[in-house]
Every structure is written in C-alpha cells, then in structure tokens.
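For reference, chains read A, B, C and D in written order, and residue numbers begin at 1 within each chain.
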Amino acid sequence: MALEIQIGDRLANVEKVSEEGSQMLINIDGKEYNVNVVMVEEGVYSILYNGKSFNVELVNTDDTKSYTANTLYNSYEVDIIDAERKYLMSRRGGDIDEETYISSPMPGKVVKIPVNVGDEVKAGDPVIIVSAMKMESEYKVKKDRVVKEILVNEGDVIEGNQTLVVVE
Amino acid sequence: MIEKVLVANRGEIAMRIMRSCREMDIRTVGIYSDADRTALHVRYADEAYHIGKAHSSDSYLHIEKIIAKAKESGADAIHPGYGFLSENATFSKRCQEEGLIFIGPDPMAIETMGDKITARKTMKEAGVPVVPGTAEPIKDESTVVETIHNIGLPVMIKASAGGGGKGMRLVKTEEEILPAVRSAKSEARESFGDDSVYIEKYITSPHHIEFQILEDKQGNAVHLFERECSVQRRHQKVVEETPSPVMTPEVREKMGRDAVNAAKAVNYCGAGTVEFVTDDNLNYYFLEMNTRLQVEHPITERVVGIDLVKEQLTIADGQDLSVTQEELTQKGHAIECRIYAEDPDENFRPSPGKIKHITEPMGLGVRVDGYVYEGYEIPIHYDPMISKLVVWGSTRKEAIERMRRSLYEYKITGVKTSIGFLEKVMKQAEFAAGNYNTNFITRHWDELMEAEDCGGDCEQMAIIAALVDFEKKQKETPGSQSNGKAKASYWKYFGRQKNLTRI
Amino acid sequence: MIEKVLVANRGEIAMRIMRSCREMDIRTVGIYSDADRTALHVRYADEAYHIGKAHSSDSYLHIEKIIAKAKESGADAIHPGYGFLSENATFSKRCQEEGLIFIGPDPMAIETMGDKITARKTMKEAGVPVVPGTAEPIKDESTVVETIHNIGLPVMIKASAGGGGKGMRLVKTEEEILPAVRSAKSEARESFGDDSVYIEKYITSPHHIEFQILEDKQGNAVHLFERECSVQRRHQKVVEETPSPVMTPEVREKMGRDAVNAAKAVNYCGAGTVEFVTDDNLNYYFLEMNTRLQVEHPITERVVGIDLVKEQLTIADGQDLSVTQEELTQKGHAIECRIYAEDPDENFRPSPGKIKHITEPMGLGVRVDGYVYEGYEIPIHYDPMISKLVVWGSTRKEAIERMRRSLYEYKITGVKTSIGFLEKVMKQAEFAAGNYNTNFITRHWDELMEAEDCGGDCEQMAIIAALVDFEKKQKETPGSQSNGKAKASYWKYFGRQKNLTRI
Amino acid sequence: MALEIQIGDRLANVEKVSEEGSQMLINIDGKEYNVNVVMVEEGVYSILYNGKSFNVELVNTDDTKSYTANTLYNSYEVDIIDAERKYLMSRRGGDIDEETYISSPMPGKVVKIPVNVGDEVKAGDPVIIVSAMKMESEYKVKKDRVVKEILVNEGDVIEGNQTLVVVE
C-alpha cells in the first residue's frame, strides 16, 4: 500500500515494499530503507537502520491518522494522508478562516471573558483569558472582528484545543 | 519522638517528606484538594484526607482546615514543605497554640525574615553584609554625592516615591554622578512631586549564591555550604549546583559564618536558606532568608551526605543537631535541573495534561524527585514543576556529563517539558566554564532556543514508525475507515492545523 | 581515547556500561540474540546488531561472531560485562590478536586466576594468605596427624580422589583426630581405592568478604575497600554491603594490601575483585579472584565515589589510575539487594514473563540499575536478575531504613519477584546487628518464609477493588456476559466503536 | 448488584449499597465499608477507608472475572462468582483430576521428556523437565500413572500453565 505522509511541511510518498517479520523494506520518496522495526512498548518503536538504533515514540493526537512523533531531539507532527483524507481535503479546499475559532492550546480555567456576543473587537484585543498552573494567557484576535459566539463561561475548566469563542 | 506528621503540601515535596518519614518510622498524613484525589502523595501516605476545593485558598492554604485534620488524625506535627503555608507566621503560631509541632521556625523568625526592611535591619545589626545603600531617603544634593562616594561606583539612584523606572539612574563613572543625580531628582520631582532619592550599590553581573543552614532549639547552628543558583529565567531558578564554580575556600568560610549569624540573629530553628547576591569579585550581600526547605535542597544533601528532612524532624522534636560544623565536608559536585510541564518553544507556556509515558533516568549518581506517573493528569491548578533531576559526579565536569546523559534518558510524553531546553543549557560552553551569572539565559537566549537536529535520518524514521503503526492499526480494526464519522476527524484535523500555523 | 565500544553482554550490566560510555562521549555498539530484539540495551545503544540464536553459545558466548561485529562496526574496544565471556582467556586473547582492546585483564591473568590450584600457588608465593592446608595428598597416618596439629583445629579431612562427601571428616577436638583420620582413610580406600587425603582448615562461621581492586597498565594498583557478601542463598549472593559491619580499620588495611598484592602477582589490568573467606576473628584466606566487574560493584562506587566502569575504560585506554590509595576514602554505608524474577514462595523457582507494571523507588540515596520496562517480556533463556537496588545512608542504620523504604516502594507486577523476601531479610534483628555470616539465610529460613500480613482490612480492600473493577468493566462492555461467542463479537464491535469515537 | 467473590479459600457476599462519585458504601458479609475508590492507573486502585490509604493492584489472570490482587504485603487470588460462572462451576463440578494434566507454572523450554506414550510411571517419577532462566525443574507424577498423551517435544518453548503431558 502506497501512502502519502505529511511530516511538518513535507509530503512524502511512502510504501512498504516487503516485510519479513520485523525486517522491512520501505520506500520513501524513491529511496529504499532496509529497516528492522519493532513496537517495544505501546506506541514506542525501536528501529534499526544501517546498524543505528533509533527510538520513535508515537502519540496519536486527534485520530488514528495523526501523530506526534518524538525522536531523539525532534518532535514531528505526522499525518497519514490516505484516500479518504485526501478526498475530504480536496472537497473543503483552503476556504476555512482559521482565525475565527479562538481556542487555547492547553487545558486551563477561563479567568475572564472581556467581550459579549455582538461586540466589535479591534485587532489585538483580547477576547478570553485562560489560566493554567498559576500563569494567565490572553487570546487575542488578529484582525478587527465581531464576536459571534461565546461557548464557555468564566470559571469553566476547559480542554486544550477546544473552541472557546467564535468571531467573524 | 514525633510519631505522626501531617504533610501540608502536595507534589514532589510531599513525596520527599513522606519518604524520609517512612525511613524514620513516622506515620504520615496526607491532605488533598478536589483536584488531587489521584495524586501520588495521597497513595503514598499512611492516611489521607480530603481538605477542600481545588483552589489553594480552600485547601492547601486553609490554615484552620489543616489544623483540624491534624488534630482529628492524631498527628503531633505538621510539615509545611515549601510554598503554600511554609513561610506563614500565622500558621506557625496557630500550630503552637494548638499544641502541634510546626516543622519550621517560630512565628517571630518567619515575620522578621518575611519583611524586607526588618530583615535588612536585623542583618546589619548582626554584622551580615547587606547591599550598601541608604536606609533613609535623601533630599540634599551634596549629601547624595557624598553617599555615592561612600558606597562606591557603580550605584543605582532610585526615587524614594518611585516606581516604574521613573527617577531611576544607573551611575557607572565619576563624571556621570552629578548629571545623574540632578536628572533623577528632577524626574522624581516631576513624576511624584518629591525629589528625595535612595542610593543603592549596583551589582553588575550578579551571582545568586545561597547557604543552607540548620539550627536546633538549643541554638547550635551550622551551615552546609553554598548553592549556586544563577541560572534563572525571569527570576525563577532553572539549574542549581554545589559547590559554586566561582567560590573560594576563604569566601565560603566567611559567607558560611555570616549565614549562621543571620540564622542566630532571629533565633532560627530548623532548616533555612540565606540568599546572597554576589558580584564577580565575590563581594556578597544579604538578599533574603527563606525560612523553609528549598526546592534545590537535594544537591546539598548529595554533596554533604545529610538528609535535610530528617534533620528538620529531629530538630522539631527538640533534639540536638546530628553534626558539628567541623564534621561537615563537601564531596564531589551535584547539579539539579527542574523539570517543568511547559513548552519552551511557546514562550514556556504551561502544559498541563495527562502523562502518557515516562522513562526515568537511572544508574550511578542519579536521583529523581518527582510525583507524576503514567496515566496521571497534571492538574491545571498548581505549580508546573513535575520533577527535579539531581546528579552527582566526582568532579563538576563529570556531573555535567552525567546530567547530559540523564536528560538524554529522561522521556516524558503527553505533556511538553523543559527537558530539551535543559539539555541545551548543559551544552553551553559558558556553563561548562562555570563563570556564568544571572544574565546567563538572557545572554544565550538564541542558542538556547535553537532547534536541535538529530540528522536527516530521524525524519525518515518518524515516517517509517508512523507507517508501521498506521498499518498495524488498520489490520487490527478492519473497516474503521469507510464511514461518515470521518468527517468529524476532518474538522479536528483542521483545528489542529490552525494551531500549528499559529505557532 | 577509545571512541567506540562493543558491549558483549545484555541486561542491566549492558545498560550500566553504556551509561558510562555515554557520559564519556564514547559510542556504543550493542549485540542481541533472537530473544533480545526488544531488550533495553538494543534501544539504548547507538548501534545494535543481531548476533545469533537465543542460546548463548550461538550469541553472547560466540567469540568469533562478536569479534566480527566489533570489526564490522568499527569498535575499537570490547567490554565483556560480567558472566558470558568476561572471564574467558581465549576471548581476551582473540581480541588482542585482532587489535581490539579487551576491557579487562590479559589472558595470562585470567588463566592464572581461573585455575584454583594455580591461583592458590600464585597467591602463596605472593604472600597472600590462603586457607591453610596441604598442597599434596598425604598417605602416611602420622604425617596426617602432624599436619593437622600444624594447621590447628578445626580442620576438614578430604579424600584426595574424593567427591560426594565420601572420605570427608570434620574434626573439631583433639580426641576426634585419630579416629577421624582412620575412618576417612578407610572410607576413601573403600570408595576410591586410594586412601590418601588432604587436610584443610575449616572455617566455622565463614564471612564472605571481598576487596575491589583497580590496576592500570603502568602497574599502579589500589584497592577500593571491602564488600560484605555473606547473605547468600545456595552460594548465590543476595544482599551485599560496604563497609562490612565486622571489619576493623587494621584488618581492612591488611586485607587491602593483600588484595593489591594478589592483583600485582598476576600483572592485573583493570577492575577486579579478590574474594576472601573470613572467620569470626577476622582471620582471612584468599578464596578466588574475579577478573571482571562484579554484580555488586555499585555499592563500592557509592561509598568511594568512583565510577568503576569509567576507570575500566581509561585503564584499557592505557591511562594512569585517576586516584591514589591515599586519596580513597569510604563515606557512609551502601547496601545492594538483587531483585530476581523468581517466586520465593515456590522454592525460588524462576518467574519469566511479561512485566505489567513497575514503580521504581526514588529519592535521596536510591539507585536502581535495571533493564526491564513495562510491557517487556523477560526471556526464559537468561539470568533471572532484573535489577539491583542500591541505597546509601550516612550510617549503616540509615542505609537499612532506606533499603526497607525503597523495597516498600518498589512494585513490579506481571512476574513474581524476590522483593518481599528481601524486605524480610532487612527486618531480621541479626542483619540489623550486623554480625551475620554465610549461614544467615539457612538459620533464619523460617522467619524469612513467614507470610507477612497487612491486617484484615487488606483482604477487604482487595475484594472492594475487584468488585469496583468488575462492575466498571461490565458497564464499559454491556452484554459481554452472556456467552463466549458473544464476547468475541462484542470485542470486535467494541474495537470498532472505540475507533469511531476516537475519530 | 450483589455478588459472591472468592478470595483465597473464603467466599464473600459483596454488594455495592450506594455510590456517589468515588465515595461508595460497600457491604461485605454484612459489614458496611464507607470507602473512597479511584482507579489511578490501569488496574491500580487507590482506596481510602477510615482515612487510611490503601493501594490495590489488580491483574486479570485468565479472564475478566479472575484477578490477582496485590496489596501491600499480600497477594490474593480473587474470582468474581457471578451467575454465569456459578452455572459453569455447577456443571463442571469437582470431577477434574488436576493431577492428570501435567504443566509448568512458568514459561520455559522443554529440556527432556524421559517417558513415552503408554509408559507406566511410578509415583515420584519425572515425566518432563523444563528449563527457564538457567534453572531446570522436573515435573513428577504424584501417583502411579500411565502416560496417555505428550503434547510437546523436547526443545519446544512453552507457555506457563500449558498442559504438557497427560497421564491417567
């Protein structure tokens, strides 16, 4: 099965050419890698390549096709772009305004929401303040916007990457 | 002897204290907030009681609730750890009143050291050097100039009524004195309607060096040498080591004596730390005294060979110090790195969440004091420090090499940590040379923020692992692909993309 | 300097060696058998190569395969660890021949110390005390009696041609001598057709005390004091400590000197251990010399402050010892407990299997040298030792208390371990008193086999946990009850569900 | 739901009377236990009872109804005896002669099988020798028997508790 795998900004064509036990021949963008791959712990892979010992830890992020892959020093965002995802991506195109959904990347507690639905906010205005581990973070709009929806209340405990405020 | 101790704290320090209690056959009582039912100290304690809501004011800072639990559980002593109520004079007093042993100094010592002005005054009286400067505001220009000459350059002129840098002038050379005094006074007058100023010695490249002390109730006091804590980010210690690479035996002896005098001046009891600001020529000045155990106490324990928590407990019990100053020696070198749940690539923003996987470093000379475990969800309510990695080496060089090795071995996933950042600190030539000061992180910011690269193969290996894992899951769950729910994942996918691009 | 080391071993010792290599910036090459692809040393090494089948003779004992891999990978040295090829003179020789540095002594030293008779002879010549006895078999009755008088009671008479206890007599008193000699000789004649006998001094309550030595290629040699290894089960060490609780400074100095002389007598190179059998009066006799690193080397490292693997590497590299005898001191007390995958309740039978869960002890004074991890399946082919728990305390008492605390914290599930047994060893009054000998475990067998009880509530809590867990699983998997087939299909269903919701 | 739970030799009647979050009232053989129970790690339970902190680790053995429960010093075999298992137990009764199925409690490698099918063996005779971790264990018959079936070969790697030899 040939697949496209997105790693950071790069899109790689990947194919498992052959497999015998843990010994595999894998083609990445035309180059063949003769590797020995074993999952040693849940999500942790030991790979021997040209004698060198690599350890890659995979943490699934949103679904089974998205990973954070940790190697010795680097951490990569890896996405499996199979037919299904490709189709969905092509259908939706690039027409999502990424800045209309305000979220916090980490969990925390909503300290303050200095806006109301319908408010016009200027570029750089904070729309929500979240506290985690004794540190407060403000989340601001990057352009002039109107507050369309506020999905949380002050005092709420929130998840990471949860949409908190929608602007337009 | 104390038989049961309530530990009024959480996290690694609660574990640290309970470990020594267990070795001494002292029973432990843990307390926990709503956010901490699954915390390790609750599992480790002999007894554990719920104390209140997640917010500290309702739990770990609630004096009366804690005292009530101590009495209810039959504890005869309370250990406050660090942070929370550890430097709260009222808490120390309330314990006294209730007949509970507070493992720390009496209220008076806490109060004296807790107030900067009183502490400075007390130290001056005890002959401990404080940062040279004026105690009272000065109005007269010639007196200001005279004072500056007495203190010696460089100095900082500060508006008495000041704040926000207004009326503040750094004076480095003789010629700058008069113009600086005049402009400072005029700016002060304009800003605050008051042109009186303070003069303070300015420490150009300050080192943060502190001394560990112990004093028993009989007044026997010793110091356990210094800790160098100059690797700081925003006034927060990041790496500590002992001995200090800039220390000399002569200055050590003098500072140690002053630290002991500082403790004696307040009739101190227990373990405490006297912090000094030190310049490149090892002129040192009293900064403050922390009247509790410090986060970085393990490096002293390792090099001196004393369990500080055990000393706290026996001192609180009224026993004599187990050692005299003459018996204390330093052997080898110890370094501590504080591991935080934070993302150095995102301006060190906190990263609470669920620990997926931990591999702790092991072997010769390595100590880990932590409290998180696999599957544990780090609460959003408390400090982001998840562990302290302490290494020892026969030399400073070996200690650094061992710290690098240990950081290399230390893997925590599920949350972001400062491990990679600390590895880069350990690799800085200036750190290896040992002549750094508190400007270290600022000065090396660019190198410390540089991405490390394990070479082109790493990226390929990440791709291979992802491929193998994905195919494995495909095999295990046939048909999981072909349905409408995939749409949801698509939205999340973009949600994540959005976050990435914002980075 | 040596730049790349092939570690010809597995398990905790391979990890131990690689850790020090990493600190010294030496690259490591691991080798693995069919049974060890998932072993930690393969993951930790910079490079790793498959070497052969699970059976050691095809892998970890296969000299030519290992040498070929060393050359292929460009390693300039081989570290044999302990066990396997570590005391194999041929291996040392083959390395020499192939221009590879063998991290250990030369073939001659290994051979001399490997043969009991040659070793005894060499030691006698070097003035190192050996167990008094006859070097040649004696036939003549009066010579036998005379020899016994020379050696002094108690003695053991052994048939020269003997074995299986035939012709063996323990003589404790003067009156027993003649009858014992006669009956031994007659039994020997009947059993083996040869009535000649050996006489050997009998050590009533023997202590096993060994000295760590280091010698460089320039002939500088030091000892790093003793290790007490008298807690043994079937001649296998179970617990080791240093200093020995029965040692005196005078005897330590004498034994240390003899240990150094033993090493020098064979032009030793590297780290080695001279084992002595010692009686209650601290009369000591050379037993054997182990020409390699010992399992229990970490307790010496902790108390003396030297990384023995690093010393091995720099010595192998031709460098001088980093320390002189005068610089070496002992500080505090260290104890090691060997943790085995075995079932003490079932006559210590081995317990290989998959590690479900590990909680390692942490904090002040604790070192764990292990190699298993959660999810790892311990192979059936190799040694059952899974880790070594080493603690340090400022006193022997503190070290014992810390060992108890650490064993209490140490949890391994999935396989049976000796942790509980070791906890009971630590609780024995005779161990605490420190005057035990190699009969310790036999003498305290009943106490050590007694079941511990955490009180009636523990059983109730186990019931409660099981109830809660069972009901939880019931809820998560409704309908899983009805029958076997439904269960299987249910799991498929559940797998799919889980996948969907995760998307 | 009331259940019978077998722990060691004891059969306990257990019922969860009430539950509010992690706080539970559990009746064991007529005595009520007010406990706070939380699963902190997979299979690891923290229980607070009368203030005391207990940790119980459960490892499922054969199926979801059988556990090894590890507490501080004790290790218990715990079985949930629900209706299904009760029925199975009643059907099977006690008529299995456990001594006719020779097995090794731990995994290992078959070193030697000193008997053949049809051999008459005396009480105490070894029928199979298994090696694990450099230690050999002999498995013997306890009474005079006849070897009925040999299910493994010399050199085989075996699982723990797998039937190796059947005698009658």
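As a working rule, contacts are C-beta pairs under 8 Å (C-beta built on N, C-alpha and C of every residue); 3 or more make two chains touch, one makes a residue touch a chain.
Everything numeric here is computed off the predicted structure, so don't read it as measured data.
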Pair of chains joined by more contacts [C-beta pairs], A-B or A-C: A-B
Chain located farthest away, centre of chain B as origin (C-alpha): D
Inter-chain centre distance, chain A versus chain D - centres from mean C-alpha coordinates, in Å: 44
Geometric centre distance via CA averages, chain C-chain A, whole Å: 48
Mean-CA-position distance for chain D and chain C (Å): 33
Sequence positions of chain D contacting 2 or more other chains: 41-42, 52
Where chain C touches two or more other chains, by residue: 373-374, 408, 499, 503
Chain D residues touching chain C - in the complex, by the definition given at the top: 1, 3, 5, 7-8, 10, 12, 14, 16, 24, 26, 28, 33, 35, 37, 39, 41-45, 47, 49, 52, 54, 56-59, 64-65, 67-74, 76, 78, 80, 82, 84, 105-109, 131-135, 137, 157, 160
Residue ranges of chain D in contact with chain B within the complex: 22, 36, 38, 40-42, 46, 48, 51-53, 55
Residues of chain B touching chain A in the complex: 341-342, 346, 349-353, 356-357, 380-384, 408, 411, 413-414, 420, 451-454, 457-473, 480-482, 486-487, 489-490, 492-502
Footprint of chain D on chain B - complex, ascending: 29-30, 37-38, 42-50, 73, 373-376
Touching residues (chain side chain B, partner chain C) in the complex: 15-16, 19-20, 22-25, 298, 301-302, 305-307, 331-332, 359-360, 362-370, 373-374, 394, 398, 401-402, 404-405, 408-409, 476-477, 479-480, 483, 485-486, 488-489
